[in-house]
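One structure below.
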Amino acid sequence: MNVRAKSRGSVSGKPERLWFDELSMKEVEEYAKTRKVVIVPVGSVEEHGNHLPLCTDSLQPEYVALEAARKTKCLVAPPLRYGVCNSTRGFPGTISIGFKSLYRITLDILEEFVRNGFTRILVLSGHAGQSHMAALRLAAQEVVWHHEGENPEKRPRIMVCSDYDFAYELRGKHFSDRDGHAGTIETSRVMAIRPDLVKTKGKKNYPKLPRFEIVANPESFFLSGIIGDPTIASAEKGRMINRYILKEVIKLIEDLKH
Amino acid sequence: MNVRAKSRGSVSGKPERLWFDELSMKEVEEYAKTRKVVIVPVGSVEEHGNHLPLCTDSLQPEYVALEAARKTKCLVAPPLRYGVCNSTRGFPGTISIGFKSLYRITLDILEEFVRNGFTRILVLSGHAGQSHMAALRLAAQEVVWHHEGENPEKRPRIMVCSDYDFAYELRGKHFSDRDGHAGTIETSRVMAIRPDLVKTKGKKNYPKLPRFEIVANPESFFLSGIIGDPTIASAEKGRMINRYILKEVIKLIEDLKH
Amino acid sequence: MNVRAKSRGSVSGKPERLWFDELSMKEVEEYAKTRKVVIVPVGSVEEHGNHLPLCTDSLQPEYVALEAARKTKCLVAPPLRYGVCNSTRGFPGTISIGFKSLYRITLDILEEFVRNGFTRILVLSGHAGQSHMAALRLAAQEVVWHHEGENPEKRPRIMVCSDYDFAYELRGKHFSDRDGHAGTIETSRVMAIRPDLVKTKGKKNYPKLPRFEIVANPESFFLSGIIGDPTIASAEKGRMINRYILKEVIKLIEDLKH
Amino acid sequence: MNVRAKSRGSVSGKPERLWFDELSMKEVEEYAKTRKVVIVPVGSVEEHGNHLPLCTDSLQPEYVALEAARKTKCLVAPPLRYGVCNSTRGFPGTISIGFKSLYRITLDILEEFVRNGFTRILVLSGHAGQSHMAALRLAAQEVVWHHEGENPEKRPRIMVCSDYDFAYELRGKHFSDRDGHAGTIETSRVMAIRPDLVKTKGKKNYPKLPRFEIVANPESFFLSGIIGDPTIASAEKGRMINRYILKEVIKLIEDLKH
Amino acid sequence: MNVRAKSRGSVSGKPERLWFDELSMKEVEEYAKTRKVVIVPVGSVEEHGNHLPLCTDSLQPEYVALEAARKTKCLVAPPLRYGVCNSTRGFPGTISIGFKSLYRITLDILEEFVRNGFTRILVLSGHAGQSHMAALRLAAQEVVWHHEGENPEKRPRIMVCSDYDFAYELRGKHFSDRDGHAGTIETSRVMAIRPDLVKTKGKKNYPKLPRFEIVANPESFFLSGIIGDPTIASAEKGRMINRYILKEVIKLIEDLKH
Amino acid sequence: MNVRAKSRGSVSGKPERLWFDELSMKEVEEYAKTRKVVIVPVGSVEEHGNHLPLCTDSLQPEYVALEAARKTKCLVAPPLRYGVCNSTRGFPGTISIGFKSLYRITLDILEEFVRNGFTRILVLSGHAGQSHMAALRLAAQEVVWHHEGENPEKRPRIMVCSDYDFAYELRGKHFSDRDGHAGTIETSRVMAIRPDLVKTKGKKNYPKLPRFEIVANPESFFLSGIIGDPTIASAEKGRMINRYILKEVIKLIEDLKH
């Protein structure tokens, strides 16, 4: 995504590295000592109506991660762009991995960062499905328990959140309480981050979803793949939301630094 | 990586999409009918000496995948940037996932593409470690067996290769027979693809590695993390190698189309 | 618990069976045809302060399940009294099983009820931890997907909820917004259901818990094991809450019947 | 079951707690120091002819556990009421969980009791199927090996038995050598423990079962679900058997205490 | 073992093949049609006192399998010489694999024979540990269930037994009731089958083993590794026992043929 | 196979033991101190044309292992005669186990030898399929990592190779570059080791196999099950090849001894 290129701005002479994996072996060894927070962006390949791209959940946390990294001097791990998408699996384009797959790869990635001395980690997911988030948290829980008895210096501190934990705090005030998947907020954010990937205006849709029933075909309850009103989205709204999320994420990173 | 941005060139008016996840739900449904081959680039986060970045194995197949996609009208799946790195796990910066993690997530991803109607798939890995490749092949094997009895139209065809399956065919003739990890070929390729990420000239190193012993610390056998001679690498050599690989990969894609 | 005994009231001559496993082979075969909804109560063995018993999360859903079964003529499965308790695992008395254990046993139980012809199932959990609920939902999801292609008659319909999904709807209006684990609501309910198991008045505690950090020792953030104010609890409040939950659960069962 | 209610007799003023999960956090901490043996009753949901309830295998060990607990001042864990029932899976009403599910949940439960300081544990199963017992023993074996190198004070001691290990010692003398599932012994015991759940007299049946063949439909070899002669069962016989089992179980507990 | 060589006697001109894996592809295809029973011998690598070899449990069923194959015209699969040895794991020389490992490999082997058209299988184990036998039976159970719905012609029939299921029938009459591991019976059998591997006379030992406790170090209860009296063993007794077992095993094979 | 019998030659009076499992408990304890190298032969049950037996891949490494053991005074573990045979699974007679099954049992076996003090191990496989070898190496990798932090004396050293790693070094010079499965080399070796098991002359076949495609039915690409020219095989060639492999294997063992 442009996200990646755009944000890799150089500073002065020597380019500043935001992506963990653009470092060399030697550089990473130094970073491990001085700038320990690593953000792990997690996305998904998931339908977001006919107006937003499948990578919608990937580009949002990657954008926030890079902006936050630039401001807080932390690093961004290579994104994991596949997630668990139970409720949209029936739509064309959704590539949903299993709970266990996400859990295991996240566990391995977190353990490896810790082994490399990067013990302060923020897992930031653009996708916020329940199973998906549970897999990420379960992996993080295993890692912190695994290192529980160790020297406090080496013991990992890991946070797991979705940028929708913050975005949805703006519902009620600025947006409909029922805005959701591919709705006003999400559409606005993509308009701000990658306008070239927004294809149509979308259609307003406030479906009634089953609250407790676990159904085989949740897509039949919102056939357009939209929950909310993308027609009133704007890049300006998106920038406002992104600023808000960024501010909150930076707070978490500052907390992790201490 | 720039790879991603640079190659997303537009063609005429409406931009041409190479990345699968930049499509919308509706677009992906159409593509499923007409342009079925999907390339899944797989990389790693792995030391490549002090002169190359950790993403070396990611940016190579992503470059090839995008060039091939542009020429053959196929699509590139979101890359998987984490791999199994048994022999370099002891070096700073290597983030190695387990065999089972790679196997499982690859299995899920392949099954999901098949379920979406994308039944022609090329898994292209920049990393070529034995366990890593075995995990990819095992996942592919499960998928083709799983669909064995189905209608030939729906039955998946999957290829798994590393771009080093081709690059190493140039050894002997153009390069040392013993050139390997972070050596002349790999350094040249990165110089051609992302020169800004090449940091020093590297150091020549032709280590003697244990052939059959499975050791706990393979890094002790090549402390610089290099196998080969990066000092004689050049962008021009890299372009030549990339052209060769691209040509071979395109042949595979053409085969998959029929 | 008394719950079990008390609620097994006979009706007229022949006692009415509410517990699934009090039926004989022959009876169960008949029930499979006429009274298909089965409630599976899930609890935990988990500290609830010094004033409430470890079985607090078990006796609540079992009470609701039996009352609902009596009113709707459905059956109650043998309760599963062990759950996943990540945030209270550090307290004395918590017996927490792993995510995978809960997932697997729930999956097996649900599949077996379906195989026996009991295709309408309500999983009702007194414990509401995120991982715990995710395991239950994941198991249910697998089951409904597993039977997706089958005859609608045989296809299972499964709901998963916690009675705290309803109890917490009363916060704001009747109870503090921050009332939680072993607080006013939970204490009141136990006072209504099993007053003999309430040992002291408890202590008011409104702790600040980490919102996103996954910590190894969450118990250090609320040392009394209480979140909320048990001192203002009463049996009368408990009865009111129980009535509300019961009403909502009965709606779900009625929905499942059709 | 009535079992639960009936046996929860109070002693003098303050009720005596037999069930582990009726304790509060504080009480459990004290018990961990003074009354360490915990009995874990394991049952099943399994056909037992048309005359006995599906909970037959649950109510027997729960009855014995409570009686033994009362006499030896030990505690009874919340029962696990689901077991592995390979040979009766084909009958209506049997809810059989997989070997691995039983193994895993038992492993977790045992480890958690040990972690809480309850290191003397008796697993008492009413169901005695080979796979079922093997899963329980395998879990116990893992736990004792896991703690092998620890301080003897903290090292767990775990026993695993079925109450049918004792009941069947009475065959030959008092009962037919071929009495088994839902036969004279089992029917008598239920008549003594929960007469209200005995529905008919049952039918005598001494089937010839395959000795070594692992069949898909073992139920076809004893269509009534009975092995033995329930028609000669009596509550008095049941009380005698229960006394015998109780005496043997108490011996095990006394052994565990030292 | 000599077992293997000795029993591979040729008959007349063309040698008769008893070992499945001495057949060629073409021969196996023919055998699949006409001589369907396959015996899978399972052994262990396990201490048997200082007088018997570690392969004691392997050579017994292999001997019986070959003799039975010769008489019934069935085939012997390559033996599996590793088993689950929980109670002797602490002795020198015991190589014990895990329950899951034995279960999985047995499952795969059985499924593969069935896939090849060899649907009548006798698993004959020389080792008779509870967990070991449970793993074998569990694997067989999965296989028969897996093929339950298939054409009766193709549906597998699988038997699982230990030759000690028969050998111990001779206790009481011919041997001590308490004879066991490396005792009179086992020593006699090895003396009959492979006298060159019997090293000393052994020592009489009737230990008291824990009946229900699952201990970490069962070896401490019978330090010589012997249960029974090897000093009164003889090759003649061994031959008698072997004849008896052989007769019983042949009955099973005849049953499988029909 | 005759292999086993033939090679168990006695030396002088007391027979020399080459097979690990022919030792007694006491003997094995002594060997653990003085002659630590253990060779674990791994084979397969796999078609090898109509001219070679299914045990072809088993008898080769067993022959080499025994010869090497005799010359270097090391021990041979009971062979594992089942392997992963993805590319020949479609032929009659192939009994292929899954990757995970081979991985797990190998892991267990290696860990057990190490636990017994046999820390120098050579895994020698006659089958050389990619997945098969990957499973063996992965198991070995886990074991060496598991013991990484231990005392150098106790730390295992494990080598994994196929005797075809050496045999194929003779291609080009002595044999066709394209000789492979059941071809000149393999046929010659079996003619040297077990001539009685060679059934016909075989047929020459140089098939074109898919290089990168993972196919469901690889057998369709070489219907005779042969890759190479068995018609020019001879026992003399086989002896030459075996001598060469033996020499190389002995080098590995000598390396492991130090």
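To keep things simple, chains are lettered A, B, C, D, E and F as they appear, and every chain counts its residues starting from 1.
Following the convention adopted for this analysis, contacts are C-beta pairs under 8 Å (C-beta built on N, C-alpha and C of every residue); 3 or more make two chains touch, one makes a residue touch a chain.
These numbers were taken from a predicted model, which means no experiment stands behind them.
Using CA-based centroids throughout, the chain positioned farthest away from chain A is E. Copies chain D and chain F of the same sequence differ by a rotation of 120 degrees once their CA atoms are superposed, given in steps of 5.
We define each chain's centre as the mean of its Cα atoms; on that basis chain A and chain C are separated by 32 Å.
Chain C and chain D have centres, each the mean of its CA atoms, that are 24 Å apart. Each chain gets one centre point, the mean of its Cα atoms, and the points for chain A and chain D are 49 Å apart.
Residues of chain E found to touch two or more other chains are absent.
With chains as nodes and touching pairs as edges, the resulting graph is a single ring in which every chain has exactly two contacts. Each chain touches the next in a closed loop, which from chain C via chain D reads C, D, E, F, B, A.
Those residues of chain D whose C-beta lies close enough to touch chain E in the complex are 86, 99, 130-131, 133-135, 137-138, 140-141, 144-145, 147-148, 155, 157-161, 165, 211-217, 252, 255.
Contact residues on chain B toward chain A in their complex (touch as defined above): 1-2, 4-6, 8, 15, 19-29, 32, 43, 45, 47-55, 58, 77-82, 91-98, 100-102, 104-105, 107-109, 112-113, 116, 196-197, 199, 225.
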